[in-house]
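What follows are several structures.
Next come two complexes, and both contain subunit A; in the first it sits with subunit B, in the second with subunit C.
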Partner chain A sequence: MLALITRRLMTAIPTLLVIILASFFLMRLAPGGPFDGERPLDPETRAALQKAYGLDQPLWEQAWLYLSRLVQGDFGPSLVYRDFTVSELIAQGLPISLTLGGLAIVLALMIGVTAGLFAAVRAGKTADQTIMMAATVATALPTFVTGPALALFFGLWLGLLPVSGTGEGLSWLVMPVVALALPVSGAIAKLTRAGLATVLKQDHIRTARARGLSETKILYKHGLRPALVPVASYLGPAAAGLLTGAVVVETVFGLPGLGRYFVQGALNRDYPLVLGVVTLYAALIILFNLFADLVYGWLDPRMREG
Partner chain B sequence: MSLYEIRNMAVTISGQRLVEDVSLTVEAGQCTALIGASGSGKSLTCLTPFGLTRGVAMGSMVLDGIDLGSADAARTREARCRITGFIFQQPLTALTPHLTVGAQLQEATMQAGAARPSVRELVRQLERVGLYRADERLDQFPHRLSGGERQRVMIAAAIAHDPKLLVADEPTSALDASLRAEIMGLLDQLRAEEGLGLLLVSHDLASVEGHADQLVVMDKGRVVERGPASKLLSDAREDYTRRLIAATPRLQEVAPKLSRPGEILLETRGLGVTFDRPGWRRGKIQALADASLIIRQRESLAIVGGSGSGKSTIGRGIAGIGPVTEGKILWRGTMLPERRQRSLDMRRLIQPVFQDPVASLDPQWRVEDIVVEPLRNLRPGLTTAEYQEMARVALTDVDLAEEFLARWPTSLSGGQAQRVAIARAIIASPQLLVLDEATSALDPLVGAGILELLLRLQSENGLSLLFITHDIAAARRLCHRIAVMEDGRIVETGAMQEVIDHPAHPATQKLISAS
Partner chain C sequence: MAGSIPECGKGEAVLKPRFPLVVVLAIIVLALVLPFLLPWTYDQIDWDAVRAPAFSGAHIFGTDEIGRDRLARLAAGTRITLMVAIAAALVSLVVGIAWGATAGWIGGRVDEAMMRIVDGLYALPFMFIVILLMVVFGRSILLVFVGIGLVEWLTMARVVRGQVMALKQRPFILAAEAAGTPSRMIMLRHMLPNIAGVALAYLMLTVPQVVMVESFLSFLGLGVQEPLTSLGILVKEGADDMDMTPLGLALPGGLLVMLLVCLTIEGERLRDRFS
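Up next is the complex of A and B:
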């Protein structure tokens, strides 16, 4: 297993490099620049700024410079939030985004797997159909609909939860996490249900039944783990998506997470900020996919053979 | 009183009667074998009383004093987990993939309420079924074991709680001939030592011969004939039983009449195939090494060996559907290039037929399109009517009526599907058919029909056949010569009868004694 991890981390380096370079040059192809504000700067100030941030150098040289700083852990300065480095901005936003995303994954897993199990046990009955319909609705509703709807209902009408900002205690987390988790939990419920439907037809379930085990025990001990393989393969990309998808939720609930910097950085052509966030997201996606692969091996030992 | 007695049992699934009026008994220490073709209702008969199928069983089914017919669900479960052990056909899929051998064995031991077994107890259970290095096995997952080892684990788990009755549903059908004999021997031994009653289900008469005390022959959900095995085999009264016995190939039967071979058609010299190891591991696997053989016109050559012996690899290499990394293949003395460089005409000459007939036909295509497809590639430019006529002729050649042209593969039985596959292979007038376990997945009656068909095609069309199989008795019905393979090498070749009478290599001797 250690060999697998090392190998995957080694292949992650070229992958990251390609992603960084591609975003670097794509961003430069887009028109506009960091200093094209509403009021045009006078040419001299502009040239001075360009020179100060090294933007007057040839593109390749800038890319090289960026990479060599990155290796030392330096994401460079922000071009728009000029008092901060990109590292500082990330350090501010990342904890909020990670908390949101992490809690959302846990919640989605809890709701999704439970609902899927319940539906699979009652396959074909009303409970199954109701759950699956609810799962479809949950998957289909985008967070920019559920987020404001939640805020309107629980925040404004009932006044139970704060509508915006991080406030006191942890109550501010509830609505963003629920909004983030809902579509994912729907997908997980469907995958769990489908996985179990396949697994429960297999021969080893009949063997377990022949041993006189109770249906509950058959489900937990012999059925659930192989049935969760599709969930694991979905969860790698989904976990990364929850962090990036948080952009909308962070905006709706006015939370200073990473997503907001990402969007603003892109709009303002804050090249180092966007690159920093992209690099971070890419690394997270690679990590989550590796984690998903390790989970596969636990769920079904046959996959450890490579 | 018998250990297990079924009287006038019927099984229905959603109102449909699939098994009717079945009676059988199993005595302690004895083996009752239920024989029948697929779909004859034999698995339903033995599993439904225990609640292991979707069906409902009605009638009298008395197991050790418990009437399963009138028992409620809890009592059925108890009869199932305390008194009975089960062995199923596919030892890989019948074991839970994510639980170690030890965990499954432990669960099996505790199923009748026993205390948690010690590691030493588990080791003893594995050793009882002839598994060695048992302490290592306990920590392994089922997929790391070979087919024979898995079936032994399955048996160890089935008898771990000291049941009185063992129900074995096709326990050896997925294994090759020599493993088959070993597993049957193990079951015999357990019956003798523990006084277990065995209810054995099989489609293959040959595999139960010499093991079963009682035979029950089923066809279309009914018992055709039953009685002591020795009596039934020598003196069957029912026509169906007689046909079944006649269809089962035996080494002792009268030698078949075969056509006279002509000149050399195909020759391989030092054929070798190496694969890269799958996955991330380094290294190579030598699947085939230094294989030299010849096939004459109108001759059938049997390639016989256990699973993993390389017999399919050589067939695929010759047919041009698998890789060849060393050596050469000569066709009438001229070098045959690798698949991509073979001309259309060369490709036409060698056609493959595979083991699983239903899986080898595209379910989205009609039989007509399946049969005609080789022609569209190999002889393009004919009119639709001409293609259709040739498909009709090909179907007639394999004894299928013209109306099959419009059928879909899913509506065909195994035998019909294999005939369609053979029609597809012969439609472009090949000279050599490569048949990879072409009769192994079929019931004995159906398989015997396919063997007869091949014999007839050979004498009528002068076909040469490369018959790849693990069943030496089936090969004897068809083949002039035999090549025995083991570990990727041809270890013995010769005339069929000669090799059977005087096997020189241990691998050959093992294959013959197992048949």
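Up next is the complex of A and C:
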């Protein structure tokens, strides 16, 4: 187990480095810079600004400088939100994005596993087919459609939930989290259903039945755990999907999370901000994949070796 | 909704009214034909009927906030979305087959290295790199589908590799090898026809994914650009104006979801048949 963790972390460092450098040079290839506003600056001010932020140095030099600062936890200053460092912006946005993503995955797991279990027990019946149909529809629900639709219905028409911003209480979380969780819950329901369908046919289940165990015990104690292995391996891609979904949800519901900073930053050529967010996203996804592997190992002891 | 879904009999894969397929075909035909039938183009402004409600006069679904016919825009948007999707899916098909077949055919260390790369890429925040690409290279429509295609080839590569690995052990391939047929010929003549079915099924499944990604990018303003339009742009426009006319959101949103659901169902059916 420990070997798995260390090996994963060892591969994580070069992966992160590649992502950071790729985004770094991609950003710099872009025409236009952070100081090209609507009103052109006079050349002197421009040069001074470029110098102040080190943008007059050769590219490799800049990349090296960025990396060496990054190692010390310094993401640099934001070029567009002039009074903030990228670290401050991240500190502000990260909790919102993490709350959204975390709650969404918990909700998706709850809905998905329950629905999948329910369907598998009634395999072949109308209930099974209805649930699987609903799951297929749910996976095809893009957050940029469900988000505005929810906002329109529950926010504008019924006036039950706030449409925008992080107002008081927790009610602002409901719609963004639901919009994010829906497609993931559909996929999880399908995977759980498929996993259980294969597991329940296996010998150890038949043995358990022959020994006279109750159906509930068979299902929860012997069936569910191996059946959830495919769900665990889906958690990594799901996390990546949730992060991208969060970009839309944060835009739709006007939440100051990381995703919004990312899109704004990319459009404004705010190099340090974009790099900081990409780095953080990459690190989060790698961490989550590691976590998914650990869950995987817990569910299926054979995996702990590899 | 559930009533129109064909019942799946035991062991019977043949379904009589292929509802999802019919829907997809209907959407494609309408998107292709409608622009020729309507008296308005998608970007033409009807100054006498700005914000016309649905079924008022000649505009069947009314007009948007600057007087453009909703139906014409829907057709044009669907057309672009499908075009981007098919092109991007083809890019993913080519890259996926090339990568997967090479890895599977050569095997050994090369295979392991190539598949490690695929595994690694799977875990990356790829969407963000694509967003960066769009920002950097000026959001041309060509780039939209090259970018998306390059993201979506991973599953294809895995599937094709698996198929090639399995085929490699089959007697007819071994015989061809023993007879001294060059690798390239074996690939083209014997392997490709045998992986075509599965590849096609996954191509079908890639299409809705690409539709989703394209709409996502366009929704954020990073994909297809005005004056061109796509379903993602229409959803965005509808969402911005939804308090005035919910129809503006409901039409493209509903169409997009319907398209995605039906494409997914057909793709999954095809996949289940081949594997």
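The criterion applied here is as follows: the second predicted complex is superposed on the first by the 304 of 306 C-alpha atoms of A that agree within 3 Å, B and C clash if a C-alpha of one lies under 4 Å from a C-alpha of the other, contacts with A are read in each partner's own complex, and residues count from 1 in each chain.
Throughout what follows, contacts are C-beta pairs under 8 Å (C-beta built on N, C-alpha and C of every residue); 3 or more make two chains touch, one makes a residue touch a chain.
Since the structure is predicted, the reported quantities are computational estimates derived from the model, not experimental observations.
A.B. asks: Considering only touches as defined above, state whether A:Arg7 meets subunit B (first), subunit C (second), both or neither.
C.D. replies: After superposing on A, A:Arg7 lies in contact with subunit B but is clear of subunit C.
A.B. asks: I'd like to know which partner A:Met133 touches here: subunit B for first, subunit C for second, both or neither.
C.D. replies: A:Met133 sits against subunit C, while subunit B stays out of touch.
A.B. asks: Contact-wise, after the overlay, does A:Lys201 reach subunit B, subunit C, both or neither (first, second, both, neither)?
C.D. replies: A:Lys201: touches no partner chain.
A.B. asks: Using the superposition described at the top, determine whether subunit B or subunit C touches more residues of subunit A.
C.D. replies: More residues of subunit A are touched by C.
A.B. asks: Looking at the overlay, does A:Val145 come into contact with subunit B only (first), subunit C only (second), both, or neither?
C.D. replies: After superposition on chain A, A:Val145 lies in contact with subunit C alone.
A.B. asks: Taking the superposition on A as described, I'd like to know which of subunit B and subunit C A:Leu299 touches: first, second, both or neither.
C.D. replies: first
A.B. asks: Looking at A:Pro226 after the superposition, I want to know if it touches subunit B, subunit C, both of them or none. Which is it: first, second, both, neither?
C.D. replies: A:Pro226 contacts subunit B only, not subunit C.
A.B. asks: Which positions of subunit A sit in both the subunit B and the subunit C interface?
C.D. replies: In subunit A, no position sits in both the subunit B and subunit C interfaces.
A.B. asks: Which bits of subunit B are touching subunit A when the two form their complex?
C.D. replies: These residues of subunit B touch subunit A: 50-52, 77-78, 80-82, 84, 86, 88, 90, 93-99, 107-108, 111, 141, 143, 154, 157, 278-281.
A.B. asks: Enumerate the contact residues on subunit A facing subunit B in the complex.
C.D. replies: 3-4, 7, 202-204, 206-213, 221-222, 225-226, 298-302, 305-306
A.B. asks: Can you name the residues of subunit A that touch subunit C in the complex?
C.D. replies: Spelled out, the residues of subunit A in touch with subunit C are 11, 15, 19, 22-23, 26-27, 29-31, 124, 129-130, 133, 136-137, 139-142, 144-145, 147-149, 151-152, 156, 236-237, 240, 243-244, 247-248, 251-252, 262-263, 266-267, 274, 277-278, 281-282, 285-286, 289.
A.B. asks: Going by the contact rule set out above, which residues of subunit C touch subunit A in the complex?
C.D. replies: Result: residues 1-2, 5, 7-8, 10, 120, 122-129, 131-133, 135-138, 208, 212, 215-216, 219-220, 222, 232, 235-236, 238-239, 242-243, 246, 249-250, 253, 256-257, 260-261, 264-265, 268 of subunit C touch subunit A.
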